[in-house]
Structure formats: C-alpha cells, structure tokens
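Labels run A, B, C and D following the written order; every chain starts at residue 1.
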Amino acid sequence: MTLAFDLLLALSLLWTAWRTLATPRLDRALVLFIVFGLLMSLAWARLAAPDIGLAEAAIGAGLTGALLLDAYGVLRRRVRP
Amino acid sequence: MSTGFVFALAGAVLFSLGVAGVVLIGHLLRRILAFNLMGSGAFLVLVGLAQRQDVADPVPQAMVLTGIVVAVAATALALALVRKLHALTGQLGLPGDVDE
Amino acid sequence: MSMSEPLFDPLAWLILLPLAWATLAFVLGPGRGAWPAIAGLATQCWLALDLAQKVGAGGTAAHVVGGWGAPLGIDLAVDGLSAAMLLLTQAVALPLAIYARSYFKPGDPAGTWFWPLTGFLIAGLNALFVSADLFNLYVTLELVGLAAVGLVAAGGGAQQVAAALRYLFATLVGSGAYLLGVALIYGAYGTVSIATLLPLVTDDAPRLAWIAGGLMVAGLMLKTALFPFHFWLPPAHGGAPAPVSALLSALVVKASFYLILRLWLGPLQAVLPAFAWLMALLGAAAIFWGSWQAIRAVKLKRLIAYSTVAQLGYLFLIFPLLAAPGAIHAGVMQVFAHGLAKAGMFAAAGVLIKATGQDTVAGLAGAVERLPVTMFAFGLAGMTLMGLPPSSGFLAKWQIIEAALAQGHWIIAAVVLAGGLLAAVYVLRVLRQAFLMAPASATLAPVPRTLEWSAFALAAASVLLGLRGVELMQLPGAVT
Amino acid sequence: MKRRVLVAFVLTLALAFVFLLAGAMLDLGPTTIDLRAPVAAHLAQSGVTHPVTAVLLNYRGYDTLLEIAVLLVALLALLAVVGDAPVPPSRAAHPVLQTLARLATPLMIVVAVYLLWAGAFRPGGAFQAGAVLAAAAVLLHLVGLQPGWSRPRLGLRIGLAAGFVLFLAVATGLLTQGSLLQYPPAAAGVLILLIESGLTVSLALILASLFLFLSREEGA
C-alpha cells in the first residue's frame, strides 16, 4: 500500500518535471514548477526528512517560486510596455 | 522495494532530465528550471540511496539542506543575470545557442 | 609558532583570514577594502610559505574541524600537492591585488564588489585545497564558482553578462555532476571522507563507484574547460576585467584540475586510471585546438584566453604517465608556470588595453617603444608559455617529455613539442605587432606604474622559477 | 532537422544513463560504514537533541559556515550585476490584501521564532526560520507595503554580514579548544543557539535581499 503511494508520488514528480520543461506556455511551466516543489516536500516527508520538507516548501517552492514569478512578470511587462 | 529506493530511482531520472534540459533548452528561464530539477534529482539520490533500508540517516539529510540553500543562491544569481541580459538586449536566449 | 599551538594553525588561518577580509570589505562598502585585502594576502603568503616548508621537510599538516574526526566530522589535510597549490594561490593573488587596486578607478561599476568577491574566491580556493571531505569539497566548488561568475559579470555589458550566464550554467552542471557522484559514493560506502574511503574503494568496487568516478571527473572536466568542454572559457576569461581574467585563468580552472588529480591519486585510484588515455587524448586536442584559435584571434584577450585552453591541455597529458614520479612534478610545475605566466600576461594585456583604448592585436603597433616594461613582461610570460629555457614552462615540458620517453610514449613527447611551436606562433604574432611603428595619429593614455610593474613581477617570476624549480618539485613528492 | 537529431541524441543518452545508474543502484549491497551510530552516540555532547541539527551545526558545522559564505557571494554577485538603480514606485495592492499582509506578518514572526527554538530538539532551525521571515518581507513587498531596495546601506550591510561574522567569530574562538568549531560539550547548546539566532536574522535579510534587490531592477 505504502509502496503504491510512493510509486504514485514518484511518478507524479517525474510527470510534473517533464511537463515543466515540455509545456509550451511559460506561465504554466512556472506553476508546474511550484507544484513540483510541493510534491518534493511530500517526498521528503515520505523519506522521514521533515527538516528538508520544511526547507523545500519554504525555500525551494516558496522563495524560488516567488523569484521566478517576479522575473516572469517583469519580463512580460517589458515585452509589451 | 523500499521508499528510499523508489525516490533514489526517481532522482536518477530527474537528474538526467534536468541535465538534458539545461543542454537542449535555449530559453533561459526554462534552463533555470531545468537546473533546479537536476539539483532536486541529485538530492533525492543522496538521501534515497542512503536510506534504501528505510532507516533515516541525518547526515545526508543535513547535506541536502546545505544543497538546497546553495541551489536557491545559484538560482537567484542566474535570474539576476537573465534579467540584466533581457534589459540590455531584449533577448531571453544566449547568442549562438540552438533555439527552441 | 608551532603546530602544537592550535590557535595559530596556518591551515585554519588560510581559510579564516580571507573570509574575514572579504566580509570586512563588504561591510566597508562599494569599492572599498583594497588595503585589508592586500594586508590579508601578504599574511597568507607567509602562512602558505610556512606550511610549505613544514610539508617540504617531510611532514603533513592536518586540522580536525570540530574535533570529531572523519568520518563523523570533516578533516582538513595538507600534503605536498595541496601545499604547492596554496603557495601558488597566495603568490599569484597578492601581486594581482596590488594590480587591481590601481586598475579599478573609484566608481568603476566593475570594481564595486571586487574585493569581497575576491576574498570569498580566495577563501574558497584555499578551503578546496585543504579539504579531505568529498561533500565539503562540493561546497567549496560552489563558493569558488559563484564568486567567479560574479566577478565576470560585474558591471558588464550585454556580452559580458551573456558570457557570465554561459559560465554559470557550465559551472553549475559541473558541480551538479560532481554532487551526484558524491551521492553515489555515500550510497555505496556510507562516508564521504577521503581518508576513510581510501582503503574501501578497491579493484572490485561496485559498478556504482565507477559511475560515481565518471560523473565526478566529467563534472570537474567541464569546470576545468578541458576540450571539448572549453566553450564557456574564452568569452568569460576574454570578456572579464583584466585582474579577474588573471585570477580565473591562473587559479580557478586549476582548482578543479587539482581535484581531479586528488581523486585520481587518492580515493578513486582503483577506478579512474581506466580513463587515463582518454584524458591525454582530450588534453592533446585542447593543445591543438586552443593554439589554433589563439593564432587566429583578433582580440588580444581572446588570444590569451584561447592560450589558456591550450595550456590546460598539458596538464591532462600527465595522466597516462603517473606511474613515474616525474609526471606529478611536471604537472605541478606546469600549474605554476601557467599560473604565474598567464596572470602576468593578462595583467600586461590590461595595461595595453587601458593604454591603447582597444582590445585588439592590431592596435598594439608601437607598444614596445611606449610601454617597454609591459611588453617585456608580455614577452617573458610568452617565453614561459612557449617553454623556452630557463623558464618554468621549459622545466614543466621537459619533465613531461622525460616521463613520456621513459615509458615509451613518444607520442606524448611529440605533442608537447608541437604545442610549444604553436605557442611560439601566437606569442610572436603579438610581439611582432608591438614592434611595428605606431601610426602617427595614435596616442596612448597614461597608465599607472603599479600596473606595469606588478604584471612584470608575475611574468618574471614565471621565468625565474625555472632556476629554483627543484625545491618546488620536491614538494609534491610528499603526496599522501 | 539537425535540432531533432540533437534532441533525440541527448534524450537517448540520458535514458541510457538512467538505466545504467538504476542497474548499478539495484546491485548495491549494504555499506561498510554507517554514520547513524556515531551520530547518535555523540548526540549527548553535541548540545542539541535533534540529529539533523547536530550534523548541520556541530559535526559538519564547517559545511554550514561555508554555505553561508556561498549565500553572501550570491548576493554580492547579484548586486554587482544589477548595479545601482532607482527604486520604482511600489504599486499598492487592494486594501484588503494589505490588511491581510499586516495581520500575517506578526504571525510569521511568531512561527519563525518557534522554528528557531524548536530546531534544537525537533525539525526546524535557522534556515526554515530565516526563510519564513524572508517570506514575510516578500509578502509585504508584493502588497506594496515594503519598497524594493536600491542599494545596501551600512546598517543593512552590517545586518547581512552579522550572522556570518558571529559564526566565524565563534569558529575562530573555539580554536583555543583545539580546532575550528570544537565546541566544549557544556557550552555547545548555548553557542549553537547563539549562532542560529544570528543566522536567522542574517539569512532572512539575505534571502529577502535576493528578492528585493532584484525586484527594483524592473525600472531599468
């Protein structure tokens, strides 16, 4: 049962990662990337590593996501002022 | 198969996907995403493989915490460079690269 | 001062001091911090010399950080090879710091954060050379890599920023591959301590150890810009401000080479030698390709950067020869020869560019007459790159040829000779242009004397080292 | 066409590498060395009871020291790249959002303090606490209550460096004990808490700076 959950989680990680790189729209890629970070947090919880889970959610998904979204917003505004 | 092993294998795939992304993708924001995927893959291998018997090991866990901070530092610097390049040239790719 | 006094352990202070003056320079503010840096580097030179003397006398030095000891804690260890690298780093950085103080005018955007970034770079290099822990080495690699990228990009235009981005991705993928290798090693052996791994990794190592070795070396090759991974180097080293190019070419690329050698002779010695001829092949390709591009280069600093690609090639020729002790000596001598000569040459190029206002070989006409000291420095550095006696470059190449012939690998000797001829072509191309009459219209901007003489000191040291090379070469005899 | 070939080539290579790696991982026997035992055995002398914190700040505290240096370097490099730029006028968000952010900030500070304190004996610590504080600053910026930063003035520079300086000073002072970062067991707990408190503030400032110095560049 837990193995099934782990496999499902691992597959969703890989699928999200693949879509992040392959999806044609950049905004969607960024959202997928943040989802990927949250899934990573779950994976860390499964690996009995709550410290990393916390850090991943706060720094990996949170801060990196905010940095990326901010950059995206600026770049888009510059393209059509 | 243990939890550790499942995520170590997933990490191996993620790492390869990330490297392929950095090599193949011309769009710089997308390349930064690929670099982060690569890093996450290496972190999963580090902890997952060490915990393949499903007993928590604090040493690789602490190493990954260090690695995550280094990765966000690198990401912020990369974004600063990309934004500067875009401000100067209006481009989001490097000259001479294969494009998407 | 003795090793029994832990408070004065030079090994620890070689890391603490640059961290301290880097932080001080940051707090002091934009453009500040030159004097703390120069004072710190002078002290570090003395510490490195002290350490080298101890190690040269047959000892080794170690520092057990935290008092735990490997594999639980992190150990620092210095043998002859690391002592030599430490010595080179401080010896190159000090004159370059004196150079950089005159090079960056107040308010120059490229110099805003030069001092703290350089301090962290030097601290990272020193920490890398003494670390005996594979994961700790990863952190030092990132410290060096990010500081180097920041120095390349500082205050630059579009081309420089693009070069920095290319460099950043190369260095990040390189350390990423290294990190995955470390992860696999930890998975296979349960430790990342070099000393602990040494007896564990044997000929019947699991397949994972081979993959780990391949990943780590591939990542480090990318960071060393070994052909065909050299694509990022010429724009980064050619586009950065002269003091930065000098630091990067002389020291930063050597750090990852050092780490390859460290792994090769140490924890992965059962695994890596299978790749010895591949390394030599790529090294030979680097010599020919880098020299050819240098011969064709239009820009002066681009020429020097391609020459770095070529000169790095020699370092990889030693891998099939490591059975003979002379090969290591040759490698260290080449690291020194190229480090000093290339730092001197980039520094001289910086003077020439400041004076002529353009970064081209063609613009050098008349330089010999107007800037004799700088052109003499360029010539001396060129002598070392060509491998003319009595320079240290000659000594290095002689040692490679000797080791190669002793083991019957005449092909390596032939590559070394051909490389020397090609180097002569691109060095003489610059000198010939400098000897031409200057066009009547050309005026040269005045250049501070300090710039000329610090470039000269570095270049002269690269030649004079050839006369005192034996002492230096005894150092890495003590590789443990 | 050429591009297609390249993509196919790289992806094939990546796939082959995955299979090679997976096969080798499956072959692996037990390791000779298991660090869990020494980590647990020395926990009583480490000054903390949470093993990950013990590794991060005591056994391998030197890694963490250099890692803070990496963060500072990234910030310095970022400042060197973006240079001086005027701060664009901040765009105020909807008043409801602003009120929410005002309410959330003290809550986040409490969470950060809890995380910092908890790190000694359960998951948490300076990094997570610093990240939460940085997130609070970013949140205030996004709703227009905290302008972007134009240049690091002396006070901010001191704040950014303070955590690292404190860590460095403790590491150096402990040389008297025999080596860098060699905590005397009796004082380890206090010293680690001191370092973590300093790091929390500086990490929060550094992480927030990575965001606030970048975001002002949009006027360029």
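Brief remarks follow.
Criterion: a residue touches a chain if its C-beta (ideal position, glycine included) is under 8 Å from a C-beta of that chain, and two chains touch if they have at least 3 such contacts.
In this text the structure is predicted, and so the values were computed from the model without any measurement.
Inter-chain spacing, taken between the CA centroids of chain B and chain C, is 27 Å. Centroid to centroid, with C-alpha atoms defining each point, chain A and chain C lie 38 Å apart. Centroid to centroid, with C-alpha atoms defining each point, chain A and chain D lie 18 Å apart.
In chain D, the residues that reach two or more other chains under the touch definition are 21, 25, 28, 35, 39, 52, 59-60, 63, 67, 70, 73-74, 77-78, 81, 127, 207, 210-211, 214, 217.
Contact with two or more other chains is made by residues 49, 51, 55, 59, 63, 67, 71, 74, 78 of chain A. Residue positions 8-9, 13, 17-19, 23, 43, 49, 52, 56, 59, 61, 63, 65-66, 69-70, 72-74, 76-77, 79, 81-84, 87 of chain B are each in touch with at least two other chains. In terms of inter-chain touching, the protein chains here follow a pattern that is not a line, ring, star or complete graph.
Pairwise, the chains that touch each other are A-B, A-D, B-C, B-D, C-D.
Within the complex, the chain B residues that touch chain D are 5, 8-9, 12-13, 16-17, 19-20, 23-24, 49, 52-53, 55-59, 61-63, 65-66, 69-70, 72-74, 76-77, 79-81, 83-84, 87, 98. Chain A contributes residues 49-51, 53-55, 58-59, 62-63, 66-67, 70-71, 74, 77-78 to its touches with chain D in the complex. Across the interface of their complex, chain C is touched by residues 8, 15, 18-19, 22-23, 28, 31, 35, 38-39, 41-43, 45-46, 49-50, 52, 59-60, 63, 66-67, 70, 73-74, 77-78, 81-82, 84-85, 88-89, 94-95 of chain B.
Remark: chain B residues 1, 3-4, 6-7, 9-10, 13-14, 17-18, 21, 25, 27, 29-30, 32-34, 36-37, 40, 43-44, 47-48, 51, 54, 56, 61, 64-65, 68-69, 71-72, 75-76, 79, 82-83, 86-87, 90, 92 touch chain A in the complex. Contacts from chain C toward chain B in the complex involve residues 135, 138-139, 142, 146, 149-150, 153, 157-158, 161-162, 164-166, 168-169, 172-173, 176-177, 179-180, 182-184, 186-187, 190.
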